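Have a look at this one before I ask anything.
In this document, chain identifiers A, B, C and D correspond to the written order of the chains, with residue numbering beginning at 1 in each.
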């Protein structure tokens, strides 16, 4: 199993994660539902994680994987807090469409 | 003992005043300002005795900024002016009740502290810090304790604040540029720079913008009349009596020696601007309805003349400018105080609502008249000495400058006497006008005594300032 | 330089990769396009599982497991709970103006083109992948690294999670109406 | 000793001023009047002592007190110069001053602010003495402006009346226009010779070889402008008639005898400068002649008794300048002295009349006062004869000298001067006839109260009348004591005295005839034909123009005052607001930009992200693809 990258090629992983990342961006822009936006963000995070792991294998170095581990921890925390915020927003204004969140308007 | 003592006294005074409570604040402030005056007189003695009273301490090593206070004759003269006017100003406010007096008097002392620092600082950045620091108290004084409609006042004061701040930013830029050249902010190092004409031009301009707004020289004066009108009289006195002189002093200390070539090249333009200010200010003053505004425009005219004299780059010009600065400082404080005295009784600053005061209050009339006459530079007052020197120096540059600048003695007499006539003379006013109280009388008497004494014997001041002015001229003429 | 898989001579691994990649991309798209948030969540779970498959393919079992636990398990449950808590369905989402969609598509295409162009333009990967044979990613090794070299960050991660937990509780706690 | 004397001379009136200012009210009216009078009298005594010393030694006394103003190439001392000229001036300033103080004690006795009046008078004398004895131009300038100040204070003495205050203000400002000229002249002289000291200046000028004559002429012209302001010459004369708003003793002291002669003093003092500037001398002569004529014509129709005297003063001052223009300084000085005597007497006499009529100044409401006020009548008659140039009164000699000088230099100017003299005789006797002859035309009540004034008023009148009669003796034609006395002052060979020949006698005769002619016309018109001036509305034609003083005030108002005022209004309303708007404009622009930028911040996260993505694309492309 040691020669996966020989068979698949690092560039395919790169392209995959690029596509995944772009889908994430697309989702963030496309949807107005804050939960879906959140999901898109998760997709983007995963795209990056995937690339990390791929390069970790490429470089024969565990550090990439360690980093992914930490990023997962952070992602978990982020999702927990973010969803809690969403819940409280929903509770306050009855909607989680990000079009309604215009408090930043100058 | 060195000059930092004055600063320390004033700073401690500011805090002590704040913590002494509303009732005691005014007295504590007066005490500390008198202490500062005493201290500066002692320092003057030491200086005259040849003692070194300057301070240089390293403050920040990178970038190289020093805590450098240098007291030469010029700086000392200005410090003395500040130290002498501050107690008078504080004392003159004794007839008024201020809300939150502890903050009010604390701010006055703090402002005196900052202004004294400006006059003493010989490190560019330190100077800049003091310069900007002086702006903060007057902003609050004018904003919180001012008069008139609060919204308009806020507008005028904020305009003043931002305007002057914006001007001084250019000065900061100039200082930073000079630092990159000299590697130090110390004035001696900056004096040693040899800048190209092009660099000097921009530095001169940057300084000019800062000072022209502060002084003010037309057409940068638009903040002045409104702020003078809106600020409480104490604030107006501080502004016109001392703060304007910061700008004029800085022209002599920083602008001219740092960009001598540019100064020489463009002096005619700036003299012309100053003189335009004289004529413009005098003419605008003619038809002012508000007493404080009228005095503001007269102040504009006078400082225009002083600025013009500074740009002559001659010893007479600089000396006349400094003499006139001091004289104007005293007389303008007196005049604004007179306006305040009237306000205390009539609750108005509108000239049309005054009149007939002379019949009721001869003492006040005499004092006011003397101040008016000093303001129009009647010989035997200090202002005449200054104005004569200034006009003489202008006549040495070009006789037309003297003639045009000299119109101030005609127009000045016109608007001041017109004002005097409408404010003081005429039929007895239906409203009662109580004669000046003892406190008010003392303030007036001190100012008048100074004006008359130095009117006949300006030699002490001339002797004090001349050597340092000569040094500055040497720097200007080094090439 | 783009390695075009030769389907005729594809190895098993390559087939698996293509299959997984296909699922990943399709489910990701479906996540975004489905109108019902619950469907989105389900697709996202599938997407995560396929990514876990990638991890397995890359021989990093530890991460694959953690990934499934954290993402497919914990995070997705959170999502689902939230969705159900809010009682969201497709009607709740307001109609999006066309310009938004157009903008989204434009930026999608743009960033995709830009990123791919970059990778194509960048230095081609020289040399074939060469395995040293050394074990670097078994759970055992990772455990040692994590608790040895990355001890402090590891502990901080726990603190982070704790803080997040407290924060979440505080945020989602109903405010008392009459304080 | 000299220093002490000089200080006593100067400081006594100042002391009188201070005492009257601070304690005058509590001292009471008589005491304050007495203090004022004594203070000036002491100065007079000191002046006499100094005069005695000067005549015996023949040398001036220079007193230097201390350095005053330092300017790089000028060092200005506060010092005094007591020489022939200044002591002469001192004598009549303090002498007439004392008399007028004495007179004022009675004249002002009803005024509640009498102590102030005396304070101001004393201050005036102080400044006048400073002016006269200053050793350099700047000390002269102290006095110069100081007397202007006192003039301002005293014209506006009745400060409740804004018209009087206007007059006072006008006087001060017109004087200041002249003062600017004087200052500029000083600047030029100072930069040319590095000194403002008379003595040094004189040696510098006389010793100099290649002088910049055009510049010196310019300086002389500027100085003359100063003299114009102070001595009420065209174009700066209009303040003097208005200055009659002040109490009559003030008019007598300041606006007839002393202050207005300061210009002549200054020109005489700087004769060595003016001698070199011939063009300027011509200007002086011409302006003097025109002034004397214009003022005399205006004087012909005035009905206010003090206004007549005021225009007569302007006219006489014009004659003095005529003499100065010809370099005949001693003649001008002679006329200054005689004029001081008779004009002070006339003013005090008119004051006595006004006092007697309780403030009535319009001659149309007088008449027949001869019997009621004999002393006033006789003294005024003597003075009128003197001013009209009737032989053997003092005015005859001095005026004749001037006309003689004019005749020798310029016939047209001589004619102008002579016509002015004839007019003078006419209007002075018009005044006499209207005031003292015929029947009284005032109200019954005034008639009832008619009386001769008290002795404090009549004694000064009598003394002045005596002086007006015999004052001419100090400079008799052909044997002039004055010329010899003043000779050391002048660079020219002094006293190219007119040898009394046929021409001179003829001219004298012509002058006398002219004077008598003027008196005769007045006699016919106002005594025989029983005319008297119409009331204001009925004045028509040329007399209306004259009565309204050629509308000069109106013209000045329209040409100078109004434009400046409207300019001020324009500046205040438009330029100021415009500039202010410009500054605020900067702020507004910033605000506007911020406002637009604010609209960019729509709060739509989608937009933000879209832009963010675009920006990221741009940055990435720039970093990775641009190379």
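Simple rule for what comes next: a contact is a pair of C-beta atoms (placed from the backbone, for glycine too) under 8 Å apart; a residue touches a chain by one contact, two chains touch by 3 or more.
Computed from a prediction, not measured in an experiment: that's the story for all the values here.
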{"item": "Contact distance in steps, from subunit B to subunit C", "value": "2"}
{"item": "Leader among chain pairs (count of C-beta contacts)", "value": "A-C"}
{"item": "Centre distance in Å when subunit B and subunit D are each reduced to the mean of their C-alpha atoms", "value": "37"}
{"item": "Mean-CA-position distance for subunit B and subunit A (Å)", "value": "64"}
{"item": "Where subunit C and subunit D are represented by their mean Cα positions, the distance between them in whole Å", "value": "103"}
{"item": "Centre-to-centre distance between subunit D and subunit A (centres being mean Cα positions), rounded to whole Å", "value": "97"}
{"item": "Junction residues of subunit B, two or more chains touched", "value": "none"}
{"item": "Multi-chain contact sites of subunit A, meaning residues that touch two or more partners", "value": "25, 29, 32, 99"}
{"item": "Numbers and ranges of subunit D residues touching at least 2 other chains", "value": "606, 609-610, 613"}
{"item": "Touch-based graph of the chains, sorted into line, ring, star, complete or other", "value": "other"}
{"item": "Touching chain combinations (by label order)", "value": "A-C, A-D, B-D, C-D"}
{"item": "Residues of subunit C touching subunit A in the complex", "value": "1-3, 5, 11, 13-14, 17, 21, 24-25, 28-29, 31-32, 37, 40-41, 44, 47-48, 51, 54-55, 57-60, 62-63, 66-67, 70-71, 74-75, 78-79, 82-83, 85-86, 88, 92-94, 96, 100-101, 103-105, 107-108, 111-112, 115-116, 119, 125, 128-129, 131-134, 136-137, 141-142, 145-146, 150, 153, 157, 160-161, 163-165, 167-169, 171-172, 174"}
{"item": "Touch list for subunit D against partner subunit A, complex", "value": "597-606, 609-610, 613"}
{"item": "Residues of subunit C touching subunit D in the complex", "value": "100, 103-104, 107, 110-111, 114-115, 117-118, 121-122"}
{"item": "Residues of subunit A that touch subunit D when the two form their complex", "value": "25, 28-29, 32, 98-99, 101-106"}
{"item": "In the complex, subunit B residues that touch subunit D", "value": "159, 162-163, 218-219, 221-223, 225-226, 280, 283-288, 314-316, 319, 356, 358-359, 362, 366, 373, 378-380, 385, 388-389, 391-393, 395-396, 399, 402-403, 406-407, 409-411, 413-414, 417-418, 421, 424-428, 456-459, 462, 466"}
